[in-house]
Amino acid sequence: MTFLRALGLMTLAGLSLVGVASCGGNQAPRELHFVIWANYIDPEVYRLFEREFGVKVIEENIDSNETLRTKLQAGVTGYDIIVPSDYTVEILIRQGLLAELDLSKIPNFGNISPRFRNLYYDPQNRYSIPYLWGTTGIGYDERYLESPPTSWAELFEPARLERYKNRVSMLDDPRETIGAALTYLGYSVNSTDPRALEAAKELLLAQKPYLARYDSETYDDFLLTGDLVIAHGWSGEFARARTENPHIRYVIPQEGGVVWTDNLAIPKGAKNRDLAHLFIDFLLRPEISARIVNFLRYPSANEAARRSISPEILTDPAIYPPEEILEKLEWIKDVGEAIALYERVWDEVKTR
Amino acid sequence: MRRISELIVWPGALWLLLFFAIPLGIIFLISFAQRDLGGLIRWEFTLENYLRLVEPIYWVGPLGNSLVLAALTTVICLLLGYPLAYTIARSPKKHLLIFLVVLPSFTNFLVRIYAWFILLRPEGWLSWGLRMLGMEANLLGSWVGVLIGLVYGYLPFMILPLYATLERLDWALIEAAYDLGATRWQVFARVILPLSRPGMVAGALLVFLPVLGEFLTPKLLGGGKVPTIGVLIEEKFLGRVPDWPFGAAAAITVMLMALIGVSRHFHTVRESRWLG
Amino acid sequence: MARMKRILDRGVALLLALEVCLTYIFLYLPIVVLILYSFSASRYALVWGGFSLEPYTKLLTDPEALRALGNSLIVGIISAGLSTLLGTLLALGLDGGRAWGRGGIEVLAYLPIVIPEIVMGVGLLLFFAQVWRHLGGEIGPLPTVIAGHVAFSISYVMVVVRARLRDLDRSLEEAALDLGATPAQVWRRVTIPLLAPAIASGALLAFALSLDDFYVTYFSTTGGSAFKTLPLYLYALQGRAGLPPQMNALATVMLLASLILVAVALLIQRRHPSPPAPLPSEGEGSRGVRVSGRNSHHGGDRI
């Protein structure tokens, strides 16, 4: 009997806790829900914003574009600002899930470099503004390589792979990894040619036995612990790993690579649109953008921020690649119906 | 008695209907739809998702792997867990010992997988040890690593029901067997083992079924190189190239496989006295 | 011959002891590692960056982690309470004879144990976001998460209680009925107290499953507020670049907390031992609720 009583009390206690919690949980008038990748901003920025405008920013982490998209498509509301990658912005616009930006409320938009305006996925920046951008290439520990890699061959040629057996990884991402194979073979990362994809598939299947893993999250960890010697990955992650081990370097192969942006956008269901605009404008201030770049080591699209970014970062070709290299980079774009081909290739590579 | 018992089932049943059966129904419906350009749903009827599953690349790789891994995990857990459960059940310190079995589960699952990263990686102690013994040390990113992770995660699920059954054994029966002149082996094989069968069945089901659908351990410890149906389903719902209808079909298929496996032991599970 | 048998016996006993020791070592190896690495000065959980207490200080000053822990506990307690109630009722109800829909309800009740969690999770997301909203407007994250947790916990509780029910000596219930008790009284005063250990096991099991659940929670958080349970918080944290060592610190702290809790429970048990069970069929009851608590399935690793 005491037992049931205890059970009942437990439930009651829990429910009352809920009551108390939800009282405080109702959205206070000056709160902003900011949905972004983990560790993708300097927390000091929130404090500065709150001090100046009295608005509390509540950060929520999401682990992938797809999770974000799934939630928005399923009708989740309550996010005020989201940070989708370029290809996700395109899809969200098409599905009518983004709110139009009122650029008159974001004067600092003028700070964005012309190179990062009017991009393929949002030609007039009606829905999104680039936050940070980056590239995909090859990272490595220079102590274990004879010379810096110059080509994707380093990851695809059996002779070279033999040297890195079980110490090399590729991204666990069909577009990026199939894209790398396509680039090496001379095709576009957005190719819809079945023969190109077939060739890419063969290449990836030949590569697979040498790989330690397909990994999009912990390749930088493993590079630091020495379990990986060379990895396919994103520029900023390698730059950050470099702060713990200066032997880690990053290079974009000569055949080209991928460029991508993460963008600030406001979903349709946002409740605090004005505050959202305010925060976006704040983030685009030169000194704030610079602060974020200095903290994260990812390049910013904010041209005006350059004067406050630490020179070692500005001159680091791994973070801010030179113009000639930028020219060769491709955006991963939607390929329409041909996506079924990519899905097929990826399934075959992953399941063999 | 009867009327009230008929009524009191309903709160629980309704809850299950609303928050379990209906969502399941939605998934079932989706499995017959077509994929739209975003990977989501175009509401046109098709059987192609299920037909696709019949292709070798799906059932040899992921489905086959899942079945084999689940079976192996169950067997190894049984082999490792039975002696442990038996010893603990006979021990005067049984409460402490069984608590120690369960204690590691009080940490978060993801954190423990990360610990296995540290242990299994090529530059870790285990790999070094294996290399010194002259063996190839490819634990991470291989099905061996995944198996280790799975056994680790599910061992308590096997030990607990076994322990519960063994602990409640009537030792008088065993004494009697000895008195009647049986050897140690005979006592074990003819008395103890059969009596512990409900516990073994319960443990086997509690390991086999979840492992079938497991995705986190194979994905992380397998480094994307150990395809299982759980990993496939996750990729189809949350990967870069989603395909919800196909993922739904795969999920329904796994569920059916599991159901078929369980139905034969359904009776034993219901009758089992592995907990109390 | 007898001597050989004795040596064989000794050998078997030794092997058994060895196996037990090795298995315990196996169980605790990752735990030792994670405790060790919780003192790493690196930004990455996998990298040993030298000894430091920083992960712990970072953990204590991380409001999101603590909030997530709090949420996990709240959800765990409430869903354990609800699912224990509903699951027990279900077990009791199904225990009666044949009745309308019984077979169907039974199958329904066992299904959650079989379904891959991600399937449940996605189904719940679609259900809450689309169906529920059309019926009754917005709903916060807490109710939806709890709804999902209870949905799968009910089954486990039911299985546990049912198993115990089978063992029960029915003559006691019949005697009570014969003595004039109403069915409700019989349940309240006879059946349920007898089932108490199993109900406790079920509750603990539900709590543990809820605490470690990932997929159902992940998808059933509709409101887009910053509601996270611990597994969610950790998973999002490792999204772009692996876990930080704070997480090892968190795990170590949770381990310590469980140890302390159990030690306290033991102390209380020593001071106030539970009264011996009045009923002879009660094999375990004399050792009190706590014992059966241990026999339950703690620490579900169902993600």
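The letters A, B and C name the chains in turn, as written, and every chain counts its residues from 1.
Going forward, a contact is a pair of C-beta atoms (placed from the backbone, for glycine too) under 8 Å apart; a residue touches a chain by one contact, two chains touch by 3 or more.
What you are looking at is a predicted structure, and each value in this text was computed from that prediction instead of being measured.
*Asks:* Quick one: label the inter-chain contact graph as line, ring, star, complete or other.
*Replies:* Per interface graph, the chains form a complete graph.
*Asks:* Of the pairs A-C and B-C, which shows more C-beta pairs in contact?
*Replies:* Comparing A-C with B-C, the pair joined by more C-beta contacts is B-C.
*Asks:* What is the distance in Å between the mean C-alpha positions of subunit A and subunit B?
*Replies:* 34
*Asks:* How far is the middle of subunit A from the middle of subunit C, if each middle is the mean of its Cα atoms, in Å?
*Replies:* Computed value for the inter-centroid distance: 35 Å.
*Asks:* Measuring from the mean C-alpha position of subunit B to the mean C-alpha position of subunit C, what distance in angstrom results?
*Replies:* Centres of subunit B and subunit C (C-alpha means) sit 16 Å apart.
*Asks:* Find every residue in subunit A that makes contact with two or more other chains and list them.
*Replies:* Counting only residues that touch two or more other chains, subunit A contributes 64, 67, 70, 218, 221-222, 225.
*Asks:* Using the touch definition from the top, which residues of subunit B touch two or more other chains?
*Replies:* 117, 121, 237
*Asks:* Which positions in subunit C touch two or more other chains at once?
*Replies:* 45-46, 85, 126, 235, 238 - these are the residues of subunit C that touch more than one other chain.
*Asks:* Using the touch definition up top, name the residues of subunit A that touch subunit B in the complex.
*Replies:* Listed in rising order, the residues are 64-67, 69-70, 73, 91, 94-95, 166-167, 169, 172-176, 208, 211-215, 218, 221-222, 225-227, 334, 336-337, 339-340, 342-343, 346-348, 350-352.
*Asks:* Can you tell me which positions in subunit C touch subunit B when the two form their complex?
*Replies:* So the residues of subunit C in touch with subunit B come to 5, 8-9, 12, 16-17, 19-20, 23-24, 26-31, 33-34, 37, 45-46, 85-87, 89-90, 92-97, 99-102, 105, 108-120, 122-124, 126-127, 131, 147-148, 150-152, 154-155, 158-160, 162-164, 166-167, 177, 183-184, 186, 197-198, 201, 208, 212, 214, 230-231, 234-235, 238, 243, 247-248, 250-252, 254-255, 258-259, 262, 283-284, 291-292, 294-303.
*Asks:* For the complex, give me every residue of subunit C touching subunit A.
*Replies:* 42-49, 64, 74, 77-78, 80-82, 84-85, 125-126, 129-130, 133, 138, 140, 142, 189, 192-193, 196, 199-200, 203, 218, 222-226, 228, 233, 235-242, 289
*Asks:* Under the touch definition given earlier, write down the residues of subunit B that touch subunit C in their complex.
*Replies:* 1-2, 4-13, 15-27, 80-81, 83-84, 86-88, 95, 98-112, 114-119, 121, 152-157, 160-161, 163-164, 167-168, 183-184, 206, 209-210, 212-213, 215-216, 230, 233-234, 237, 244, 247-248, 251-252, 254-255, 258-259, 262, 266, 269-276
*Asks:* Where on subunit B does subunit A make contact in their complex?
*Replies:* 35, 37-40, 57-58, 60-62, 117, 121-124, 138, 140-141, 222-225, 227, 231-232, 235, 237-243
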